[in-house]
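Chain IDs A, B, C and D follow the sequence of writing; residue 1 opens each chain.
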Amino acid sequence: MSSEKELRLAMLTAVAQTISRHAEELTQLDQAIGDGDHGINMKRGFDAVMADSAGLVEKPWPEFLKGVGMTLVMKVGGASGPLFGTLFMTLGKELPGNPCAGDVAGALEAAIQAVQARGKSEAGQKTMLDVLVPVAAQLRKDALALTDLVTVAAAAAEATGPMKAIRGRASFLGDRSIGHVDPGARSSALMVAAVVGAVKGES
Amino acid sequence: MKKLINAVENVLSESLDGFAAAHADIVTLGDERKFVQRRSLKKGKVALVSGGGSGHEPLHAGFVGHGMLDAACPGQVFTSPTPDQMVAAAQAVDTGGGVLFIVKNYEGDVMNFAMGAEMAADMGVAKVATVITDDDVAVEKSTYSIGRRGVAGTMIVERLVGAAAEQGRDLAALESYGKDVNARTRSMGVALTSCTVPAAGKPTFTLGEDEMEMGVGIHGEPGRRRVKLAEADAIAAEMMGAILDDLAPKAGQQVLLLVNGFGGTPAMELYLMCNAARRILAGRKLLAARCLVGSYVTSLEMAGCSLTVSLVEDADLALWDQPVHTAALRWGM
Amino acid sequence: MKKLINAVENVLSESLDGFAAAHADIVTLGDERKFVQRRSLKKGKVALVSGGGSGHEPLHAGFVGHGMLDAACPGQVFTSPTPDQMVAAAQAVDTGGGVLFIVKNYEGDVMNFAMGAEMAADMGVAKVATVITDDDVAVEKSTYSIGRRGVAGTMIVERLVGAAAEQGRDLAALESYGKDVNARTRSMGVALTSCTVPAAGKPTFTLGEDEMEMGVGIHGEPGRRRVKLAEADAIAAEMMGAILDDLAPKAGQQVLLLVNGFGGTPAMELYLMCNAARRILAGRKLLAARCLVGSYVTSLEMAGCSLTVSLVEDADLALWDQPVHTAALRWGM
Amino acid sequence: MSSEKELRLAMLTAVAQTISRHAEELTQLDQAIGDGDHGINMKRGFDAVMADSAGLVEKPWPEFLKGVGMTLVMKVGGASGPLFGTLFMTLGKELPGNPCAGDVAGALEAAIQAVQARGKSEAGQKTMLDVLVPVAAQLRKDALALTDLVTVAAAAAEATGPMKAIRGRASFLGDRSIGHVDPGARSSALMVAAVVGAVKGES
């Protein structure tokens, strides 16, 4: 149990750190095709999560994830706040108290459903979903091939570059959104890499 | 970045404190600065709540007061507020008549207000309805997009629905009136310079010395196209053309004209644009029944302006002329 | 130069046309656009006439109307109007009570208004008196100079004397009240960027990315010194320090605080400065009885702001609160 | 008489042209220590004078000069409008109908008095007076040494550079006004040179 708690703290810390380190990059991506706040938003959210981390990591996985999601909803704002918030909250709702690797794909699929419902969106529209969906598919295929997961996520984020945005602020640009990586896709890939790193015990 | 600020993290809170102190006769600030609310509420009146990212001042907090909003939820700069803010605001200003959310059409705002409405319902705030504004013709309407952005026309919806609420109309009537006003309101903007989000520290976009962004959004979002700087008359012609082609009003129709500065454009230029826009209206035999010129829906210090046209009837004008007493719009009291 | 204009020569006339059209309920434009006048005059009331170079909008035309000015004479951008304008305005608005000129202390304005007064006297406009405003503490007072500049405090003089005129006070009483209010009013400004006079086509001055002009004038005149950009609190402390040292008010004194934007500074920053200034007032045990925040006396699109403090008594506040109905300041009607 | 008329036209044209040609320079001088409009103001004034020139030059010298002065008062605005206007109007009042070279010094001295009264100013304060006063003195010394007049005027304008302004907008600057030539002094010197050029028959 204590090692589970350490794992939660390691995951949270890794995600918060990667967001913080890449905040400027995310903001720059958002300046190109959005309103230039994605890095700032995500950093504000995960700073708030980290401020509560001591209490959060004490909780079992479902409550832990719901707590993270709720904090993101209340602190991130913008489009990404409700969406990542919904993602984490639904993961918390779906996962059992003592989840094993095999539980994750199903929970993530449900969480993606919830994000799609909230965002009236689906994969192919140049959003975070273009990373989340292939990541869920890869998990479903092989829940233990962690390195592949990182590769899939990174490639999926890159692949949003040539896409035309149909959801998110970038959609206002029409064809002018083509040629830029989606900020929410990039932050999703960064989070996947951080979580995998934490699971593998890297720091 | 050159701004009159202390620390980037405190821009919003210090600004809200200054606002609340300067307008203490009209507004109070909610707990944790989650919302700005009207000082005196009217029992049973439908409460109007709006909000959105900050940096568009005076929208929305500057429109809290008699004849307009009951509360406004300020988000971080250019970032939608969070659902807890809408819940707290709705709880504070609901006096039994229900709450109408007026929301600009951005996914962030729409989703956060939607979550706020769900949570408010869970927590027992009687009824919540929502009007979404989407007046920006710069974005082509299409089923393959999230639709048009809500821009300066939002304040016209807030004003007219606010005046109607003051007269005691119920929630359903106000919701449908708000949608109706929004449907008759179109805007388009142009930027001559970028704005700088304090936390970002550098301009959102870069324009050459001879360029402008035609159809810009109120967060400095790119517009229809980046073009060579043109004369005021040509700019007005393009914007009014897009607006009027979309609205397709009949000759003789009364309209309300809003010439809105984005924050960095002086009144002198706005009045010049007003003059240009009025000539175009006259050329199409449209009657500018009311005309509002000023920086009402801004994008921080961006230079540029938007034009908004609302098709109005006598009943709308009668509401428009009712007393209003907010920080940024005031007459009749 | 990026401006919403057609030809440089027509900026003023097109802008005035737009202004007059937008505010046709309040003002009319004189022949050859020599002045903007109040639509309805009050027989026997002393007529208040002000004016000055354009580019400071809404000052002065935006303050024509009930409770403030009867006419304003707009000069070219940053250039005093000419005596024929003052003569024409005085003739148009004198209804027997005499005419009070309110003039900012610049040699150009003072001399042109003086010639205007002489000519008006020659042409039989009954009585003309003049109040000169010189509220800018950035300029050290000295017998070896022409004295201080008239800046944002001018609008406070226009407002209070305007309200007093509405109550029927005579020319001599208004002249002395105006001088009295001016003597209790002090301002200081800071610029973060320059402005560009349309006809000049390039910025009046250049500031480094990390510099500001402390004590700047409302034409972008250099101030006390060019310094490194500082935090809002430090800027407010320097400006309020200079103002309050000069006014030397007693603890418990009531004051009117004006936080004035120069044209390119968004409301968010002005309210933040308001918050900073109010903290300083509170620290000196001064009571901010009224607080006005907005871009009222501008320098085209210059970024920056000025702070103005007026020492006021209950009688001044009662006048301040009287109804006013102008394009830029309106309440109570 | 007709040659007098031609002289008036030549003078007017020469002055208007030099102002027009140097308008940008005058504005730049004014940007350094004033509000950046002196060239624009003067050009607007002399453009208006030139628009009336056909009628103006028909009039005898006193009415001609008064007319020029009145137009400047009504069109220039700012500080220079009333001052140059007063200068020309007073010259018109003081000069006889058929002036000779010997009349000019006295008339200019009287005009300078009027300018000083209007401007509450005197030489030594870094203004147009720092050119006008030495020009009048030189005329008094030798009314026919036209080239010297130009030299005196140009040198006097230059000499305002090291002065500290005590009148005019530049006075707000205090010591910071030092090191810049006064725009009104420069325009005065330009006008002197133009008038002399016209008298000498240059074009």
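Rule of thumb we're sticking to: a contact is a pair of C-beta atoms (placed from the backbone, for glycine too) under 8 Å apart; a residue touches a chain by one contact, two chains touch by 3 or more.
Note that the coordinates shown come from a computational prediction; the quantities given were computed from them, not determined experimentally.
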Pieces of the assembly after leaving out chain C, positions unchanged: A, B | D
item	value
Inter-chain centre distance, chain B versus chain D - centres from mean C-alpha coordinates, in Å	54
Distance from chain B to chain A - Cα centre to Cα centre, in angstrom	32
Touching two or more other chains - residue numbers and ranges from chain D	none
Residues of chain C engaged with two or more neighbouring chains	77
Overall pattern in which the protein chains touch one another (line/ring/star/complete/other)	line
Touching chain combinations (by label order)	A-B, B-C, C-D
Contacting residues of chain D [partner chain C, same complex]	27, 31, 33-37, 40-41, 44, 73-83, 118-120, 166-169, 171-174, 176
Partner chain D, residues of chain C touching it in the complex	53, 75-84, 106-108, 111-112, 114-115, 139-140, 144-146, 149, 197, 199-200, 204-205, 217, 219-222
Chain C to chain B touching residues, read off their complex	2-7, 11-12, 14-19, 21-22, 54-55, 57-58, 62, 77, 190, 192-193, 209, 212, 229, 231-233, 235, 259, 263-276, 278, 288, 291-293, 295, 298, 300-301, 303-305, 330-333
